[in-house]
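In the two complexes below, chain A is the common chain; its partner is chain B in one and chain C in the other.
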Partner chain A sequence: MIGMIFILSYCLIGLVRIILQLPKEDRKRFFMSLVNPKTMAKNIRDIFCDCLFHVKLWKRNKLLGYMHSSIAFGWFMLIVIGHIEVLLYTPHRAKLFYFPIFFRYFVAETESTMRGAFFFFLMDFFLLMVLSGIFLAMFKRLQSRLFGMRRTTNPSFLDLVGLYSLWAIFPLRLLAEGFTADISGGSFLTKSLNYVLNSFLSDHTNMLPAWWAYSCALGVFFIVLPFTRYMHIPTEILLIPLRNAGIKIRNARKGFAKAEVYSCPSCGLCIDACPMGVMKTHIKDTTVYLNRQIRRNNERRIEEISDKCLLCGKCSAICPVGVEGDKLRIAQRSLRKYSVNPDYADISSDALSVHAEGKVLYYAGCMTALTPVIRKSMESILKKAGIAYELMDRDGGICCGRPMMMAGRFDQAREMIERNTRIIKDSGATTLLLTCPICYRIFKEKYHLDGIEIIHHTEYIDRLVRSGSLKISRDDRKYVYHDPCELGRGCGIYEQPREVLSCAGELVEAAKNRKESICCGGSLGSLTLGFDKRKAMTENALANLTVAAPDVIVTACPLCRSTFNRYADLPVEDIAETIDKKCV
Partner chain B sequence: MMDFGFKISPSSAINLDNADLSLYDELCKAEPDICKCMACGSCSAACPANRFSGMSVRKLIIDLQRGKKKEAVKMLSDCMLCGKCTMVCPRGINTRHLILSICKLYKED
Partner chain C sequence: MKENILIIGGGIAGLEAAAQLLKLGYNPIIVEKSDHLGGHVAEWNRLFPDMTPAEDVVSRLIAGAGEANIFLNTGISFVNRLKDSYNIMLSNGISVITRILLFATGFTLFDAAKKEEYGYGVYNQVMTNMDLERWFNTGNDERIPEEGPKTMGFVHCVGSRDEKARNPQCSKVCCITAVKQAIEMKQKFPDAMIYCFYMDLRMFGKKYEDFYISAQRDYGIRFIRGRVSEVSENIEGRLVVKAEDTLSGKPVKVTMDLLVLMAGIVCNPDTCRTAGLVSLPVDSDGFLKSRDNIADITESPKEGIFYAGTCTGPKTVPETLAEARSAALAIHNYIQGLK
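== the complex of A and B ==
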């Protein structure tokens, strides 16, 4: 009872605080989306699919999915049916919300009609479902590998208290209902337990400690809930409508970011996903631990964790709740104060301007400048296809701004974006071609080029092949395609490069590919990790790529190419190189 | 003084005894890797900002070691943080993080 009131008021205060912390326009957007029938339907569907049935977990691992949905859905149904029962038998008591929970204790009525038996059967059925889930959860503590998880989170003390009280609730409920089954009725589970108990404990006063223990376990669980990982249960219900309203992280600790942090169930799926996880020393730098430290306001650890991350975005891609680990970290980085702030106003525009009226403008970017073979191949492809193009940064140019963005210095990044936008608009080009996914992502997300098409070279080559401007000769070599983080997870381009490669030869897949591809380890996202400390990650990513025994590793990112090239036994090529060699 | 049509250029010698290196010492504590720099200049060669502004991490480090704060800060104001210098550094110095640390420690004046 106390637990219930406590948790309800806590959730309510939390809800109001998060909504108040949202910026004004976001708040307006959120409330508008709540009355919009389309998003309303989406909210309800998402809440049912994610909070009750855990569809994403089912897709990951059947046992894990069953464990979660049995506990969540089973408990939900127990509450619903409990309320229906109360409404049917004692409608005048329905207002007391603790009544359905302890229904069997208060109501001493044996129901032998069909309807009663049906409800009792349902109650017992869902109780059994929850119990099976709890049993699986206990088993998972010992053998998480069977659930598709190599490593799980180290629970904190309060998490353990919450966990054990959650485990205790349902067996105790079974016991308590078992004691009272002959008085208040029961079904296959509780009735049969009642016979067993009656055989050696016939006194009905025995039921009191069982009911007491049940209500204590329930109370403890609800009281510790806000301070444990189980806070994700109520928070997720808030997070889903917020996300569906299109709200983004604006403040590192408040509003949407806070909702995400508290929605983290500490499940630890991100530990296995993290490319840094190959080294034991980095396990505590994964998103679960970031969320835990943000809850605890441990500034030193928050800084350490958020600066080390490669920002590959895999934790966000696999997170069953939808916590965006990469964006949360960038937001933490944006809190840093710097006393020297770069300013690009004094870079003269004359040296940078290009003329490309009606042509394709090719922005190679600084990473392609370090791997000139990609630029040469791309230019050769453009020439072979007879495309009129102009290079924007033959002798270097202004950076796209993405590395600055990843360091959390938004004002400086915005300044670079403005400079580049002006150069591109003044050039008169119709298409902007990019060979670097890092540039491509920020061009897609943050640049407003009104009408100028922004295209990555994988898409462009695919288009050239389809339109017949490029003829590719096939051979029988096996190619494996590595999805660069920024191109795949960042921009959702998975198909075009595969289409192109399957024209050039046999395409094989890596063990983990597409959304779950493993970062090459070269990412510019990490601020503190030196390049000498990343060998293990690159080797792990290479091992993942070579499972199907390919002849060539093909990627579409100059950074991945140069990182892999350092340690690979196989030739590593950019997709432009491969196609340039094969087209006539 | 007699005008010969030319004169002796002012000395560019830096008296390290007079230079204030307290900030540099602090930086060395935060970024011990800075001592690894052998001034090979790979970072300057790879820097895309070098063409417009003469940005050079090698020069930056030398300036800091000599206590020329003003020049160092001025040079930093053109850095785009693209990280090319980190990738090419043969000594494995994380120059990108070094630059951020300098941005935190030193002040514009």
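== the complex of A and C ==
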């Protein structure tokens, strides 16, 4: 009872706080989305799919999915049916919300109608379902590999208290209902247990400690809940409508970020996903631990974890509740105070102006400047296809701003964005072509180039091939395509490069690909990771790429290309190089 | 009967060790994977600091090892460890039983194409130190214009002292090689403007410093302290080299007709493979691990296996030769100890 009042008031206060912390426009957007029937339907569907049925987990691993949905859905159904029973049999008591929970204790079986038996059967059925889930959860503690998880989170003390009380609730409930089944009624599970218990414990006063133990376990669980990972249960229900309303992280600790942090169920799926995980020392730098440290306000560790991350975004891609580990980290970085803040005010964009009226403007970017073979191949492809183009940064240019964005230095990034925007708009170009996914992502997300098409070279080559401007000769070599983080998870481009490569030869796949592709280890995202550490990641990513014994590794990012090239035994090429060699 | 000693590698270390072992009364067998003796030095033109022709040095060494058994174009297929000796199967089908193995497997030059930003293999005017020496020997390379380059540059430390390129070690000989090659180019093309981009100049050897001062004073070679950041091509097809002059703290941009990359010394992957056959350890710098890096540099941690030359790390020619002699003596002492 106390537990229930506590948790309800805690959740209510938390809800109001998070909503108040949202910026004004976001709050308005949120409330508007709540009354919009379309998002409302989506909210309800998402809440059911994610919170009760755990569809994402089912897709990942059936056992893991069953474990979660049996507990969540089973418990939910127990509560719902419990309430229906109360409403049917004792409507006058329905106001007391503790009544349905202990229904069997208060009510003696008065009738054995079909309806009663049916509900009793349902109650027992869902109890069995929850119990099987709890049993799997216990088993998972011992053998997480069977559930598709190599490593799981190390629970904190309070998490353990919550965990054990959760485990205790349902077996105790079974026991308690077993004692009272002959008085209050029951079905296949509780009734039969009742016969067993009656045979050697015939005294009904034994039911009291069992009911007490049950209610204690329940009380403890609800009291510790806000301080444990189980806080994700109520928070996720808030996170889903917030996300559906299109709200993004604006503040590192408040509002949406807070909702994400508290939605983290500490499941540890991100531990296996993290490319840094190849070294055991980095396990505590994964998103689940970041969330834990943010909840504890441990500033030193927050800084360490946020700076080390490669921002490959894989944890966000696989997170069952949708915590955005990369964006959370960038937000933490933005809190940092730097003693030196570069000022780019004196960089003039006039000297860099280009004329490309009606043409394709090709912005190679810094990374492509460091891998000149990509630029050369791309230019050659454009010439072969007869495309009129102009190079935006042949003799120096301004950075796209993404590295500064990743470092959380938004003001500096904005200055670069402004200057580049001016150059591009003044050039008169109709299309902006990029060979670097790092640039491509920020151009897509942050630039407003109204009317000018922003396109990555994988898409562009695909288009040239489809339109017949580019003829590719096939060979019988095996190509494996590495999905660069910024292009795949960042911008959702998976198909075009594969389409193009399957015209050039046989396309094989890496063990983990597309959304689950492994970062090459060269990412600009990390501010602190040294080369010795990155080496293990690169080798791991290469091992993942070469499982199908390809002849060539192809990627579409200059940084991935140069990182792999230094460690691979196979030739590593950018898609532009591969295609340029094979077209006439 | 004379004791067999198997020497892996017919470079200068292998040849010199064979010559010494012959004098000590043993029967050295040289196994060389390529079709010529003398290794990298045989492909070089002249050697610092006295501009000695490399050909002379190599032919003298080959003459000294003339009576040894030499197998060219031969590798090692597998090794069987016997009770107190090794049974080695060569790729030409011959098997050798020996108590002593000498690794003189040398190094490989860092693959300059792995430093993409310098454009080796992408631009027509970018070559390596090795390519330049080959041109000194043959006079045949399209990358060097007939009338000579108007402006050219040398990039030091390509694949050395570079964690990103997987080799944090100093390759030791490239500083002085760059100075030597710059002087040679200036001698051939006195009007050329020559730049050297360096991090540090490590002029540790005999007369190196004189050589370096002469390069500045007598030949007017410009030394710029700072790494080259990127190389691009302008519309005329000339190279644009961007670097930072860390002494003046300013970025520099030079347009050039030729850029020479001083590719560093890295451990030969074949060495590691062969070392794996007899389970020899590799040191943290990627080269073979000696029993002791101060007192027993020529001895491996395994009984009967010895090292000479650059298989244990970058070395100059005189250092390699001295080590080959020292290895021969260590082998002799070892065999004496067995009796």
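Here is the rule we use: the second predicted complex is superposed on the first by the 580 of 584 C-alpha atoms of A that agree within 3 Å, B and C clash if a C-alpha of one lies under 4 Å from a C-alpha of the other, contacts with A are read in each partner's own complex, and residues count from 1 in each chain.
The rule is simple: a residue touches a chain if its C-beta (ideal position, glycine included) is under 8 Å from a C-beta of that chain, and two chains touch if they have at least 3 such contacts.
Everything numeric in this text was worked out from a predicted model, so none of it was measured.
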- Message: Based on the shared chain A superposition, would you classify chain B and chain C as clashing or fitting together?
- Response: clash
- Message: Under the stated touch criterion, which partner chain does A:Ile398 make contact with: chain B (first), chain C (second), both, or neither?
- Response: first
- Message: Output check: A:Leu524 vs chain B and chain C. Expected answer is one of first, second, both, neither. What do you get?
- Response: first
- The answer to whether chain B or chain C touches more of chain A is B
- Task: Mind working out whether A:Ala351 is in touch with chain B, chain C, both or neither, as first, second, both or neither?
- Result: first
- Can A:Thr371 be said to touch chain B (first), chain C (second), both, or neither? second
- Message: According to the stated criteria, A:Val161 is in contact with first (chain B), second (chain C), both, or neither; which is it?
- Response: neither
- Touched partner set for A:Pro342, first chain B, second chain C, both or neither: first
- Message: On the A-aligned overlay, A:Lys535 touches which partner chain: chain B = first, chain C = second, or both, or neither?
- Response: second
- Task: Check the residue A:Asn565 against both partner chains and state whether it touches chain B (first), chain C (second), both, or neither.
- Result: second
- Message: After the superposition on A, what does A:Met416 contact: first (chain B), second (chain C), both or neither?
- Response: first
- Query: Same chain A residues contacting chain B and chain C, which ones?
  - Reply: 369-370, 395, 530-532, 562
- chain A-facing residues of chain B, complex: 33, 46, 48-53, 73, 76-84, 86-89, 92-94, 96-97, 100, 102-108
- Within their complex, chain A touches chain B through residues 307, 336-344, 346-348, 351, 366-367, 369-370, 393, 395-399, 401, 403-404, 407, 409, 412, 416, 522, 524, 527-532, 562
- Task: Using the touch rule from the top, collect the residues of chain A that touch chain C in their complex.
- Result: 369-373, 376, 394-395, 530-532, 535, 558, 561-562, 565-567
- Query: Along chain C, where are the residues that touch chain A in the complex?
  - Reply: 113-114, 116-117, 119, 121-123, 163-166, 229-235, 240
